[in-house]
Amino acid sequence: MTRRTKKNGIAISILSLFWILLVGISFAKDPIVIGHVTDLTGTSAMEGPYFSAAIELAVEEYGGEIAGREIKVIHEDGGSNPTLSVDKARKLVEKDKASVIIGPINAGAASPISGYLKRSGVPHVVMELPPPLFEKNGHVFAHQGTQSGSGYLMGKYVAEDLGYKTATVIHDDVIFAEEFLNGAIKAFEEAGGKIVQRQRTPMNTMDYGPYLSGMKKADVCLFWFVPPHSINFIKSYKEYGFEMPLVLAGLNIITNHFFEALGKDTLGITALSYNDPSIDTPEVKAWVKKWQEKFADKKEISHPAMGMTCAWYVQAKLALEAIKATGGDTSPDALKKALYNMKLDTPWGPVSFKDNGIGIGNAYILQVAEIDGKIGFKQVKKYENIVRTVE
Amino acid sequence: MVLFFINILNGISFGMILFLIAIGLSITLGVMGILNLAHGALFMIGGFVGYTLVTHGVNFWLAVLIGGVGAGLVGLIAERVFLSRLYKQFDNQVLLTLGLVYIIQNLSLWIYGGAAKSFSAPVYLKFAVAIGDYRFPAYRLTLIALGAVLLVILWLVIERTKLGSIVRAGMDDKEMAMGLGLNYPLTCSLVFAFGAFVCGLAGVLAAPIIGVVHSMPMEILLYAMIVVIVGGPGSVSGTFLAALVIGIVDSIGKAYFPDFAMFTIYIVFIGVLLIKPAGLMGKKALSG
Amino acid sequence: MKVNDSNPYFLKKIAPALICVLLFLVLPALLPGYLQSMFTKVLIFALFALSLNLIWNAHMISLGHAAYFGLACYVTAILSTQHNISNFWILLVLSIAAAIILAMIFGIIALRMSGIYFLMVTLALGQLVFFSSLALRSITSGMNGLFGVPWPELSVISIEWQKISFYYFTLLIFIVCAYLLYRVSISPFGYALRGIAEDEPKMKTLGINTWLIKYGAYIISAAFAAVAGVLFTFFSGLASPLQLSIETSTLAVLMLIIGSSSVFWGPVTGAFLVILLEYFSSVYIAERWPMVLGIVFVCSVMFLRDGISVHIIDLWRKWILREEKIACE
Amino acid sequence: MESHETEILRTENISKSFGGVKALSQVSFTVMAGEKLAVLGPNGAGKTTLINVINGLLPETEGEIYFLGDRVTKLSTHQRAGLGMSRSFQVDTLFNRLSVLDNVLMSIHGHHRTCSNVFKSFTSYGHYHETAQVALERIGLWEKQDHLVGLLSHGEKKKLEIVTSIVSEPRLLLLDEPNAGLTSEETMDVVQVIREMDSSTAVIIVAHDMEMVFSIADQIMVLNYGELISKDDPKTIMSDPKVKECYLGA
């Protein structure tokens, strides 16, 4: 009996806990809210912390307030899970009254969020999205345009500048990889190149051996995997003794993690980035320095590490500049207007939008090389002010 | 033809890993009737321990051993503290072990971050053997050999040692085994820990091929469970056979019908269930 | 208390009903919009957990039930986004039909096993459906899922859909389904299921075709899971592979274990607790949510094995009805 | 009294072996309506196995079983039960989470094949209630109808177990140690119930307790190591040397 009463105790305390929490959640707020759907768990958990930091850095540049109103950034974890992400976006808009939504990284989760935001018209500032989501004067702003865009640029470079004639293609069986490679293949074939094989590997693939032993020979191997898969793939690729040059036929995901995990195996890999910390210009160097000073004490993010971090910084800047331009008017229409008229200067060059929310700006081709004994990226080509999609 | 042979080799090497993963699950299930859904998590623990050691310059094979021990210890604790109190309560076992999976996964995300960790096999194994005009990594060949050795050892343990005899007795009749006057609960803990240990070994051995990442436990578990059911729980030979079959089917599927790669093993799985519900080498019909 | 003592009927029957009415009928109307959505989600998952509980009571421990939930999501999403069928009832019927057909096939496979092996098989079958949703890229658009599902039409009346109106619509459907499931649980069929859980050979010797009963139960519960799936699709406006994943199945399992599967309305309590817990932990400690969930799993197994509803009943009996003897289950 | 001529059960040399061990070998016998056959034998003689094989819980290794003239060897347990075969178990197999009344009702539902009904409530079958009441009153458990079975005494459980196996008015009743662990008074109640069985029904009782056996049985069958040693009326059996041997080990 006493045991049971003890259990009752536990039961009742748990219940009451819930009621306390349930009651304690109605707070009014005046500040301008920026909603950030990120990934702290799930397949992109690695990037999450960098993104939040990037936004923090950007907000700091405005002293945390615009037009006398505090800027409040609310981070929500979508766990790369479309259902959950939409839930979180819903919470940010309906409960926290967010006037802009940033993120998430995973197009699979970002797309449905755009779909949801369409109802209310709240601007959705993201990195990149598949074509169907962009409409004239829409609410979607992707400064890196469409995945197929970056893929296209890469395919063009491989065919024209590197002059490869045949290519074998392998990538994750997931929407954004699909888009990247569609673009790359389109460009490569337009330039007279020939695709000898295309392999799609399921997202739950653990062992790439079978695909590699089935891989056909060609001048070059175009690939794109999410970071965890890329590491396994590159390693196995080398194990199977392939000599074809590796080209990351889409946005660069190679980071220091790769250099640690794979060492010399990464040498010669070519990739594309619109904004990468490794780009060798004074502005970027200065920005990286600023980052390192701010987060020196947080060792896991002490270096911006990857292009996506910079992309997030740019997104935050875009949102904040828009709010600044409207002088604190956070109505969706005002913000959209401001974003369409924007020409933002970033360490990676100016960024602006076409009338359908697709970004315009510079693009850089990078290659992994050994620079005075240290493995890192070196810039091999730069494109000025290109529309970041397949025209 | 050579290509086909290469794919078979791929399948066998993957099958060996599957065998090492599944055998622990198979025995704990067959002997103790404990379904440990955290088995995949043990695999990951092994992997992370191995990663930590190797990146700090510990010898690869030593890391393999310690990784196994680490997983074994975690398994032992889980069995002593929790599972031993949930004897014959499947739903609670399931819930508990799932909970452990979530906790372990999130902990490893906390400690090691979301990036996939990977480390290389010993340098002297970092070359590819030429077969016809194809190349096959030496490390995978080593895995095949290792799997064979471990199979023999396991078989000897089960068939020749006292522990093994208790295990086999337990498989046939738990009460009878208890009646043998042996310390049955202790034996169970040991067997459980041993299964975890082997799983941990697999975790380190597989890392150079599949890497280690916080999101892997469930995928691993599924493979292991399919192998266990196809092979028939509690049967070493059955598990081994099933592991090879699944491994080979998996890589053949990936190489020849990539679009159905995800299904091939499930089709085999369901086929076996329909034809031989007890599993390839299963003694009794599966009703836990 | 005097009033209560003089009128125990009030406390036995009316009071609990009143509490439910307040909680689910009145409270949501007063809450901010976002919490209304929360309540909708609670009801949907409560229904899902209830459907699972039907077979759980026959000791058929399924970890693949998301297959039917998710299948319904996809059927609804595909038909409404790609074939412009927006009539709720048609979508409902078709989704249920799909779920039933799938359950008929899977049931035959899964029921070749029992106990722990049934669990493993259902889990594997669930994964099979999960992977299909990835593989059939042309229809399901793979990992990306389908989104932009419009609000449904009800043909009888046209509703101006908002969070609150959809909540009450969900509540209506929920009540109907819950009532049906309750009828099933008190029917000979329901008793037979509990009998099977306790002693299947005995049931056979009583002349009961236990296989058929289990098979039937499996299909019925799949059908109700499908209803929850349809509602969820309109709630979230999308269908994604995640709705077919193990996480979805285990969430339902957690709900009915925490809420206690031996009490009919247990799973509802469970759903309420789990969803709210998910919400709050995501507000305060987002990146640790899985760990919180895991700890809840472990604790509920170790300390609240028979579920929280049982204790609620006890407390009600002890503190309000002032009964001496506590008989649970 | 013509029913005495009707044959209820006939087994033709059924055998059952677990792995290597033979639990039953070549057992053949016949039971007529109204007959009360007691199965005797030392532990491990295969008595319970025999019952399990007859009602189909265990598949026989070889041999044929005929029930009411029809071959039922291939039929499943519930089908045999449907034909009118009923049994009680050695360790009581009541549904502890149901009330006394509901346990009886469950058997009646099983008998009437109404367990697949989803639309009516379990307790809404009026005439089932009457049947159950009669049965429960016979063993004096009616006033405990609402108690959970878990709370009953061992004796009461045993009686209830028997009731649940006879309410379906079976043609063949298999009783496995119906009086195990009962006081002599309780045993007499049980004996009473069995004696009052309809004369169209055959009863097979597995028992240790000689006293009870002789108070009921009009036929006795002795098993030893799975072999049928002899089957005859009580007197002849007791004078049978083979039986003495296997019992007194002399």
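Lettered A, B, C and D in written order, each chain numbered from 1.
Everything that follows uses one rule, which is that contacts are C-beta pairs under 8 Å (C-beta built on N, C-alpha and C of every residue); 3 or more make two chains touch, one makes a residue touch a chain.
As the structure is a computational prediction, the values presented were derived from the model and not from experiment.
Novice: Applying the touch definition from the top, give me the chains sitting in contact with each of subunit B and subunit C.
Specialist: Per touch definition, common to subunit B and subunit C: A.
Novice: Mind checking the centre-to-centre distance between subunit A and subunit C? Centres are C-alpha means, answer in whole Å.
Specialist: Distance between chain centres, rounded to whole Å: 36 Å.
Novice: Nearest whole angstrom, what separates the Cα centre of subunit B from the Cα centre of subunit D?
Specialist: Averaging C-alpha atoms per chain gives centres 48 Å apart.
Novice: Any idea how many Å lie between the Cα centroids of subunit A and subunit D?
Specialist: 73
Novice: If I count partner chains per residue in subunit C, which residues reach a count of at least 2?
Specialist: 131, 134-135, 287, 290
Novice: Where in subunit A do residues touch two or more other chains at once?
Specialist: 41, 45, 48, 202, 204
Novice: Scan subunit B for residues touching two or more other chains and write them down.
Specialist: 106, 109, 259, 262
Novice: Chain pairs that touch, all of them, please.
Specialist: A-B, A-C, B-C, C-D
Novice: If you look only at subunit A, which of its residues touch subunit B in the complex?
Specialist: Counting only subunit A, the residues touching subunit B are 39, 41-48, 199-202, 204-207, 209-211, 213-214, 227-229, 231-232, 235-236, 239-241, 257, 261-262, 300.
Novice: Quick one: which bits of subunit C touch subunit A in the complex? Just the residue numbers, please.
Specialist: Residues 32-35, 37, 41, 131, 134-135, 137, 141-145, 147-148, 163, 236-238, 240, 242-243, 273, 276-277, 280, 282-283, 286-287, 289-290, 303-304, 308, 311-312, 314-315, 318, 326.
Novice: What residues on subunit C touch subunit D, complex-wise?
Specialist: Against subunit D, the touching part of subunit C is residues 183-184, 186-192, 194-195, 198-199, 201-210, 212-213, 216, 220, 327, 329.
Novice: For subunit C, which residues count as touching subunit B in their complex?
Specialist: 56, 61, 63, 109, 112-117, 119-121, 123-125, 127-128, 131-132, 134-135, 246, 250, 253-254, 257, 287-288, 290-291, 293-298, 300-302, 305
Novice: Where on subunit B is subunit A touching in the complex?
Specialist: My answer: residues 3, 6-7, 10-11, 13-14, 106, 109, 113-120, 126-128, 134-137, 139-140, 208-211, 213-216, 219-220, 250-252, 254-256, 258-259, 261-262.
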